[in-house]
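The structure appears below as structure tokens.
We just call them A, B and C in the order they show up, numbering each chain from 1.
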Amino acid sequence: MEAVIRTWTLAELGQRLGAEVSGSADLRIIRPVPAGDDDPGGITFAESDKYLAMVESSTVGAVIVPPGWALSKPALFHPHPREAFAMVLALFRRPLALSEGPSPQAAIDPSAEVDPSASIGPMAYIGPRARIGAKSRIHPHAYIGEGCQIGADCEIYPHVVLLQDVVVGDRVVVHAGAVVGADGFGFVWDGQRRVKVPQVGRVILEDDVEVGANTCIDRATCGDTVIRRGSKLDNLIQIAHNCEVGEHTVIAALTGVSGSVRIGDRVTMGGQVAVADHVSIASDAILAGRTGVMGSIETQGEYFGTPATPAREALRLLALQRKLPELLARIKALEEELARRDD
Amino acid sequence: MEAVIRTWTLAELGQRLGAEVSGSADLRIIRPVPAGDDDPGGITFAESDKYLAMVESSTVGAVIVPPGWALSKPALFHPHPREAFAMVLALFRRPLALSEGPSPQAAIDPSAEVDPSASIGPMAYIGPRARIGAKSRIHPHAYIGEGCQIGADCEIYPHVVLLQDVVVGDRVVVHAGAVVGADGFGFVWDGQRRVKVPQVGRVILEDDVEVGANTCIDRATCGDTVIRRGSKLDNLIQIAHNCEVGEHTVIAALTGVSGSVRIGDRVTMGGQVAVADHVSIASDAILAGRTGVMGSIETQGEYFGTPATPAREALRLLALQRKLPELLARIKALEEELARRDD
Amino acid sequence: MEAVIRTWTLAELGQRLGAEVSGSADLRIIRPVPAGDDDPGGITFAESDKYLAMVESSTVGAVIVPPGWALSKPALFHPHPREAFAMVLALFRRPLALSEGPSPQAAIDPSAEVDPSASIGPMAYIGPRARIGAKSRIHPHAYIGEGCQIGADCEIYPHVVLLQDVVVGDRVVVHAGAVVGADGFGFVWDGQRRVKVPQVGRVILEDDVEVGANTCIDRATCGDTVIRRGSKLDNLIQIAHNCEVGEHTVIAALTGVSGSVRIGDRVTMGGQVAVADHVSIASDAILAGRTGVMGSIETQGEYFGTPATPAREALRLLALQRKLPELLARIKALEEELARRDD
């Protein structure tokens, strides 16, 4: 069995980070912790007086700070404490256990092509003509449907479902419970009932895409639903059929994107955003949480509200809405003043 | 192994659709594509000059247009191009691979009754006294709990969960990850803690219902939560305990319906709609995306906003909200004018 | 095979509930039903004239009412009919079938510690060093990842995913499809791409917590995401990394809570609520459905709207927004009156 959990001395961490060590070099660090946590085996970081005060008043074991800072605790001096702390996080990360090769408890279709260096967990299903690339890890209970293609170095977490003909690039991460390639929601009313429009298109997840837990990305009616390289989707998001999400875009949880929407590159979308069908959103746009996009957004900038409005204006409108009682009172005063002068 | 992917010549498609062929009859069509896609193996359709122009300037192989239209590409002439294209989509649809009969890797309780013509995928679970009807397909990893009844010709996709006593009609489609029959959310505060109200009712999905990926439909506290025949639910929808959704209703993604709501027939609900508990929504009502239904909707028509407001009025209110800065300025001008006249 | 479904005579129910029986004591009660349902084998309850009228005009078999009420149907007299009815619901509840002990079709890592009285369903996965406490029930297809610890008497429903190092107390219920411990959504833009911040913290679900179907609770970046004892979460909720939800709090479906939010004890949150990151919500606060919490809520009370506003004020603002056409008309009238006087 692999070692349980790796720990590090402060000196070892300093060496890894290229950081000068102050205080007990052989202090054993068990885990990274948020600033303020009371954990003598923990390490955290501080980049401001406020956070340093939180750290100093806690029992945390050690802290990463900029060079030259004065403090009472064991410390690592690093010019960029936040980045150094991310390196610490990476050192303490343990990839989810999964044996290399195909589990005998998996169900793998004989026509599937699985790279010998890939991992297929127990109870995973690999359908006909599916292809799994080098070093990709298919965790237990994942369903990789007929004709799906997965590149190299992907992490397909437990209970992910890729339905049919889904194309996945390299270094893609799909979190637990995400459903990629289910039918788009297309029905026409024939006067008697809703008749289903067959959905036969694909979903493409390009390189370095990350898809959150229980998020749904529907297959295109025909053609492709595409998430371009480097984009990151949070949990419980709905991406409808025939959407295209550009490169390096981030979308927060519970956002719903209707059919045939075009989202640009490096867009940032907060949580619970809604986007009407067939609109486009300009590259580099920033949409605050719960923005309601009813028409296309043509220029970059910050947006908020429903319909989506440049943020400065939206905040002013929000403030004015809260002043409605005052506006009403001023109108009443004007009416009374006019009536008075009438006399 | 079944043939990989079926293709058609233009002549074969014309025959199937009852459409006149124009141009190279032996052109091989590999897939239907959206108008504007560059795909010499693709076929698309056009019903307007705008779409015809998109098609003509693309490299698409063929196009379906109304009879008599002049164009340079190979074409099929059909009086209803959109409907003809839906027929093409249906021809290219490949039902998800699944062997007939029970997989030896499934877990089927001896007391379950599975029709011999049904398919039970590997890693599917069929609980005690569950019944699976003729030609229904239970995909891998589906969980069909104790006492659930599934009719004929149903498609229960991977990772669907039907908990207990769920009743499913014929030709029902439940997409991946949907959870049907989990406990309703019922707790009472006893002064110390939240005490659970036991949830013992059922969920009924009538004939021709379709339930989207990762959608949740809770069992009734007692009695039934019902989705009536022909209704279609999109992904990531919450239907709470004891709701009744009428016939041929459609509900878009991320909508939340609280407990004991009655929704009529042929209702259309956009995405992210919210419905308060115990209200009713009239048949044929149309609710735009993100409508907030705080009280019952008694008459059909289009609604929008929170609380739900007839759409025309709601749009006017939205426009007026955006005019608040102008209203404020006009009030100021009136105040100043009055003050000036005071002098 | 266990008995199919237990039924009770009215006399047996009366004895269990400590309620006086009126009418045919040997009437066989097959199921509890909502008031108004036509079900001669059903029992319901009434606490008001309105509900009694509904019951009397239905064909329900029996009804629980306060002592001394006059009615034509077989009845049980109980001082608290609603509570007595909850006892009836509990009598009719059948725990989901699951054999004690580990299923031979489960995949259990040799280093996992499973209490002999626990149940592990077919196709369940128990990872390295996971621990399952006494009498806990792990249903089919559940994934209990590496290092997860589950206490006693828990119910982990089908298709639940606990990723890594998740800590679960006693009597915890996690409904189907919930994902606990997926990566928090943390990325930094390096000028070229979104770089992932490793997520290495835990999720802690304390005693008596209940987590709804397809709900997602992300692991902390470092430290812990915590749901304190007795709190109940509905379906399709997003709880982001490093959040803390206090004791005995309830949160309704489709609510999204951003990172590092602190929610107090006994808070009530409606459906589709959104909470911005790093804010806190006071204990005993009540947030109506779809409230948008943009800043901390410091005092208890009822809130509504976006940004969250004391409910009385929020309802007044909502009413004034609907009066905007009238306000505009009054401003116009003032302007015309001033212009007229100008003449």
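The rule is simple: a residue touches a chain if its C-beta (ideal position, glycine included) is under 8 Å from a C-beta of that chain, and two chains touch if they have at least 3 such contacts.
Since the model is a prediction, treat every value here as computed from it, not as a measurement.
It takes 120 degrees of rotation, in steps of 5, to superpose the Cα atoms of subunit A onto those of subunit C.
Under half of the residue numbers at the interface between copies subunit A and subunit B are found on both sides, making the touching surfaces mostly different. Mean C-alpha position of subunit A lies 25 Å from that of subunit B.
The set of subunit C residues that touch two or more partner chains comprises 123, 141, 159, 177, 214, 236, 254, 272, 321, 327, 331, 334, 338.
Every residue of subunit A that touches subunit B in the complex is listed here, in rising order: 107, 109, 111, 123, 125, 127-129, 141, 143, 145-146, 159, 161, 163-164, 177, 179, 182-183, 185, 187-189, 193-194, 196-200, 214, 216, 218, 220-223, 236, 238, 240, 242, 254, 256, 258, 272, 274, 276, 292, 306-307, 309, 316-317, 320-321, 323, 327, 330-331, 334, 337-338. Across the interface of their complex, subunit B is touched by residues 1-2, 4, 31-34, 37, 86, 89-90, 92-94, 96-97, 103, 105, 121-123, 139-141, 157-159, 175-177, 208, 210, 212-214, 230-232, 234-236, 248, 250, 252-254, 271-272, 289-290, 318, 321-322, 324-325, 327-328, 331, 334-335, 338 of subunit C.
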